[in-house]
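The next part holds the structures, each set out as structure tokens.
Note that chain A is present in both complexes that follow, paired respectively with chain B and with chain C.
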Partner chain A sequence: MIPLIRRNAWVAGLCVLFILLAITTKLIQPDYGAGDFGSLMRAVLPYAFAVAAQTVVVIAGGIDLSVAAMMAVTSVTAAAMMNGASESHALFVVPFVLALGLCLGALNGFLIVWTRVPDIVVTLSTLFVFQGVALLILDAPGGGAAEWLKGLVVGTVPIPFLPEGVTAWIPKALVVLVICLAVVWIPLRRSQLGLSIYAIGSSELAAFRSGVSVARTKIAAYAIGGLFAAMGGLSLTLSTGIGAPIPGPYLLASVAAVVLGGVALGGGKGGLLGPIIAVIVLRLVRTDLTLLAVDPNATTIIEGLIMVIVVMLGAFLAMRGRNR
Partner chain B sequence: MACPSAPGTLETTGAKKPVTTNPILDATGVAKNYGAVAALRNASLSVLPGEVHALMGANGAGKSTLVKILTGAVRPSGGRIQIRGETREFSSPGAARRAGLVPVYQEPSLIPDLDIASNLRLTRTPVEPFAQWVRELGVNDLSLGATARDVPLAIQRVLDLARALAAEPHVLLLDEMTAALPADLAERVVDVVRRQSAAGRSVIFISHRFVEIAAMCDRATVLRDGETVGVLKIETGVEERIVELMLGAKIEKARGVTHGARSTATVAGPPRVAVRNLAVGKLQDVSFELANGEVAGVVALEGQGQDELFEALAGARKPSAGTIEVDGAAVRFAHPADAIRAGLALVPGDRSEALLMHRSVRENIALPFSAPFRRWGPIALRKERATVTAAIERLQIDTRAQREVQRLSGGNQQKVTIARWIAAETRTILCFDPTRGIDVRTKREIYRLLRELAGQGFSVLYYTSELDEVQHVCDRAIVIFGGRVVDVLPVEIADEAALTRAAYGLPRQSEVAP
Partner chain C sequence: MSVTAAGAEAVPLGKRIRRFMSDRPLVPLVILLVLLVVALQILRPGIVNERWIANTVKFAIPLAILAGCQTMTMLTGGIDLSVSTVATMAAFIVSTQAVEHGPVIGVALALLPAVLIGLANGIGVGIFRVHPLIMTLGTGLVGIGCLQVYQRTVIATGTKVPAFLSWLGTGVTGGFPNALLLFIPVAALILFVLNRTGFGRLLYAVGDNERAARLSGVVYWKVILALYVGSSLLAGVAGLLYVGLIKAPSLSLADPLLLPSVAAAVVGGTSIFGGRGGYTGTILGALILTVLTTLLTILQMPEGARRILFGLIVLLVTAAYLRIVEDR
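Our next item is the complex of A and B:
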């Protein structure tokens, strides 16, 4: 029970941090409202999917440097396919792009298992390859997106029996995020595959001896990472209406949120909720610093400090908890 | 012998099984090559239903490789494995498990970051029988929600065993199961193994403890140098036969001492190093002294705590009890740097643990003394160069491959490690299996070097897994078994046979011979 509480304690701590930041925001900018929260969530969306992609891979004991590049490929693929096509055509595009992400991720995993080249080298190479592929598909930002898809991330969800004052604070982007993550993560977490992913991240040798197929599990973990990256790519296209072939700043942000979210970079520990809250926290920090009109160059310094302090504090508390 | 159905003497235990039954597991001619090295040449093992079968052999005889092949963790290069007369080849531990071969490996196999329940789910082990076995093995306060990492090592072993038992294996493989267990838990294990046997299930039992083997095994297969050299029925007096088989022809040609052993007590004053009642890891209570100018051998079977002893002396691990004295003064090492300052330096068997493989010979030798702690400013290059050159010449290190130590042969790498400590004027060298994987000629050079150093007043503690080395280099042999010093043999009688006997905890032969 104690480790369970400890695991959740990290998430709880992040929630507290989030609430403190929310209060700070309200103090700095008294008219910060539901609309601003909605746009925050829309901005968070691609980051959150990048974080989810990274989290699965890191839990399996790996790292995926090609997350942002996969998002670029899937984003431009979606935008190019939907450009000028009918609204219903998008019904076909979405599953195709998701499958594409799955394949790109599986390719990463397969190369790592097959060539036995370290994951960091393989995904660095595929980062460059995917970047090039994205530029081949669209050499400049362009393409389009179906209107109904764009509508998915704008506005709020009307929920019956809830006053509008409440529903105004539930932006569609948040609902989409929660549903997309839950649909993949919850069944995974309860399956043998999910367990195996944690197992190979914790100890490859022990997992092998327990009868887990390490190679297959690793490929699956990268494939699921690719699937999340494709969701990220789609969310990019949806929120901007076009596809951008140059990868955004999602790679480092994803690693940062994974660390801040209580996932051990060595693998085997942590969950998805922590990193997701962590990425929202990091975005909110940036919003606050912008509202305070802090020099943008100082902003990154403060973000870095927050990360170091939180991770140190977490390790310190965990150590004290163990010694007690 | 607490079990009422198998009373009295060892002979009856051995004779109770009918020999005509078909074997449940039959491995013949199993071989495994790693590159040019043959870990197994021609191993056979035949296990009858309901039999408890001991698998024995000296270090490096191939026991672990055979176990890994039988359980699908390693693919054999040759040979045939039959289960109930049907030829099988396992591609993974999972496949072997499904065929009813379930191992408990030497090291814990639980996933450290998962809780116990998840670990069970991973191997699809039913919880209820598992919990029942855990209770029967004498552990009553286990929570399934506990993370495996937080469970003490001995209990993890019990959980491994319970998980294996819950899978209802036809053949259970126990690799050094009892080594890490306290006596009461080890007894429970013996009990459980007997019950498996009574239920018609087979157990392959690997252990260095003759007492346990005599208590529960029916037959023993003995491996030597990757080959099966004998299958024996367990009865009184079989220990001697097993030791003979493990040693093979070696027992005949007892070699003499190849160096002039130091006459004892030539140096006055306190011993260089004195270890008193040391407890660390598997070591329970170890005391010995290392004199000035002495090379003392340490002999032990694998996993008797010799690693921990050397780590404690080198300052890499804190002992849980006991004291270490250097030159008569008690010391406490918080860091290897403390031990080095006190003049104790480790030469590990694995060179990569000691050397900077990508750096030059010079840098490697100069490392400890050109960068002393708490000293700033530029390195005194000329002085450094002189010291390093002296050390290289003295050890005749082949320096053609100057740039990167990793290009040197293993023997020359080991010389660099030793040269480093000589150059740093360290007076006590802790050699942990220093000649592992080194060619014979260089081995000889290392022996000669260590003898020379001893002649100049250096003290050397020398653990070796190759027992014949003792008479090449040591003045006496300290034998550790079950966490304690069981014997100290003067070099004149420390031949391989005597050392092997002592290492298995058997009394000296002169005392048992009629």
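Our next item is the complex of A and C:
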């Protein structure tokens, strides 16, 4: 019961932080409107998927350093396949790329289980491999994306019986994010596999002794991570219209948001909601600093400091909780 | 193989070789290094000469020092991902300040942020018990931000790599790179600290079983604080050497060395979970990775294929090494 309350308290705290930041934004920039919120969400999209990928793996007690590289591979694959192809061709590309992500993630998991090398080292190696693959597919940013796919993240969703003032605040990007995450996460959380993922993250030995197949669960966790990374890669291609073979800053951001979101790096604790809110908060901080006309270089310092301080505070609270 | 002990005759050869290797974990690494050099010689006859060796050693040294930071932190079950930032900061500061204030003050100024970042890492990991991965990523981020702000204040001054650093980084005296003048004492110091001092033993103890170490009276935070400050200082020194070698200070100077430094320590047999490993293996690991990079460059493959092979080989070596050392 107590861990449950504490977990929810963390998410609630993040929500309060988000609301405070939103109010600050409005105070700084009274014109901040629905359009700006929409572009914030579009910017958040690839970050949020990277964070989701990392979250699943971290809950299973691992860590995936190859998230950003997987996103690069899937992004360039999608861009290269859709380049010059017809609009309906994209209907085949999307499932193919998602399956590709699933396979790449499963490959990570398989290598970890099979070689018995620690996950940091395996995913560090596959980071190089995936980077190489991305460069072989496209050696410079290029490719294309189908128009209807690009339209998927721009604009808002018209909902009947709701005034325009409300729907304006529900950008399509947010809807896409929520649907994609929910479709994978909610069934997973309720399934035996989801429970097994939490179990092996909590204690591999205990899980093994209660009949959980540790190897299979681990591979599945990494595969789901790969699936989320593929969604991230697709969203990158959608929002820019091209594929970029050089991985973006998503690895660092994903690890940071996972920890800020209350998922313990040791595994077995936390959910998906916390990290997603955390990544939105981090992006909003960046927006606020830009609106305040802070030197963009100083923004990096402030982001880093926030991360360090929050993590220290979290560790300190956890320590006091243990001692009591 | 000179295992000719009388009692070993009954054991089959394969098992005997395996036992020999697991007793001396450095032997397979040396064999791998020799194999790589032989492969290089076959692919490009005549390439392996005195100049090539000096050059390889020159490029392996900054990597070996950074990998030393990883080795020491990994022994306690940690990792230091701020080393590339610290090295870049030291390199950039020395090449902007040494012109005005002279080499001594320049180096002192360059190592100051290293100490500060090390202190922050040590406090975070040792006292607040933050996961080292996160803590060092965060301080690295702060460091790079500070460096970007600093860069704007010195645009007018411009950058110039001090002469003594380029001498140290690129110079070769009588066939030996000058960088060895710095590296041999540094390596000796690390080896001495790890193998012969109480502090070194505490590092292994904390990494092997932190609870046991604490119950036997080790003050955890003091060990960790000293470790991370030391690691950061080493990274700063590596940065000074590297800028002398590359001669083009930039804000992403040492970034390409970060992941290879982790890989070098891992290939050298240091466990990422702590308690096992040593610096000799890491030096061999750094040499192996440097020779491997040369080999992949010589094969004239596209950049993508080179990265794929690099990643696969690191994984393969680590996996094979674990099998050899652990299967008894």
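Here is the rule we use: the second predicted complex is superposed on the first by the 308 of 324 C-alpha atoms of A that agree within 3 Å, B and C clash if a C-alpha of one lies under 4 Å from a C-alpha of the other, contacts with A are read in each partner's own complex, and residues count from 1 in each chain.
The definition used in the following text is that contacts are C-beta pairs under 8 Å (C-beta built on N, C-alpha and C of every residue); 3 or more make two chains touch, one makes a residue touch a chain.
Just so it is clear, the structure is predicted and the values come from calculations on it, not from any experiment.
Once the complexes are laid over each other on chain A, chain B and chain C cannot both fit and instead clash.
In the superposition on chain A, A:240 contacts neither chain B nor chain C.
Of the two partner chains, chain C is the only one touched by A:301; chain B is not. In the superposed model, A:8 makes contact with neither chain B nor chain C.
In the superposed pair of complexes, A:206 makes contact with chain B only, with no contact to chain C. Legend: residue contacts after superposition of the two complexes on their common chain; A:115 is shown touching chain C, with no touch to chain B. Legend: residue contacts after superposition of the two complexes on their common chain; A:196 is shown touching chain B, with no touch to chain C.
Considering which of chain B and chain C touches more of chain A, the answer is C.
In the superposed pair of complexes, A:167 makes contact with neither chain B nor chain C. Shared contact residues on chain A (touching chain B in one structure, chain C in the other): none found. For chain B in complex with chain A, the touching residues are 73, 92-94, 97, 103, 105, 108-115, 118-119, 121-123, 143, 145-147, 150. Here chain C touches chain A in the complex through residues 79, 120, 124, 128-131, 133-135, 137-146, 148-149, 151-152, 259, 262-263, 266, 271-273, 302-312, 314-315, 318-319, 322, going by the rule given at the top.
For chain A in complex with chain C, the touching residues are 63, 111, 115-118, 120-122, 124-129, 131-136, 139, 252, 255-256, 259, 265, 295, 297-305, 307-308, 311-312, 315-316, 319. Every residue of chain A that touches chain B in the complex is listed here, in rising order: 1, 3-4, 192, 195-196, 198-199, 201-203, 206-213, 264, 268-269.
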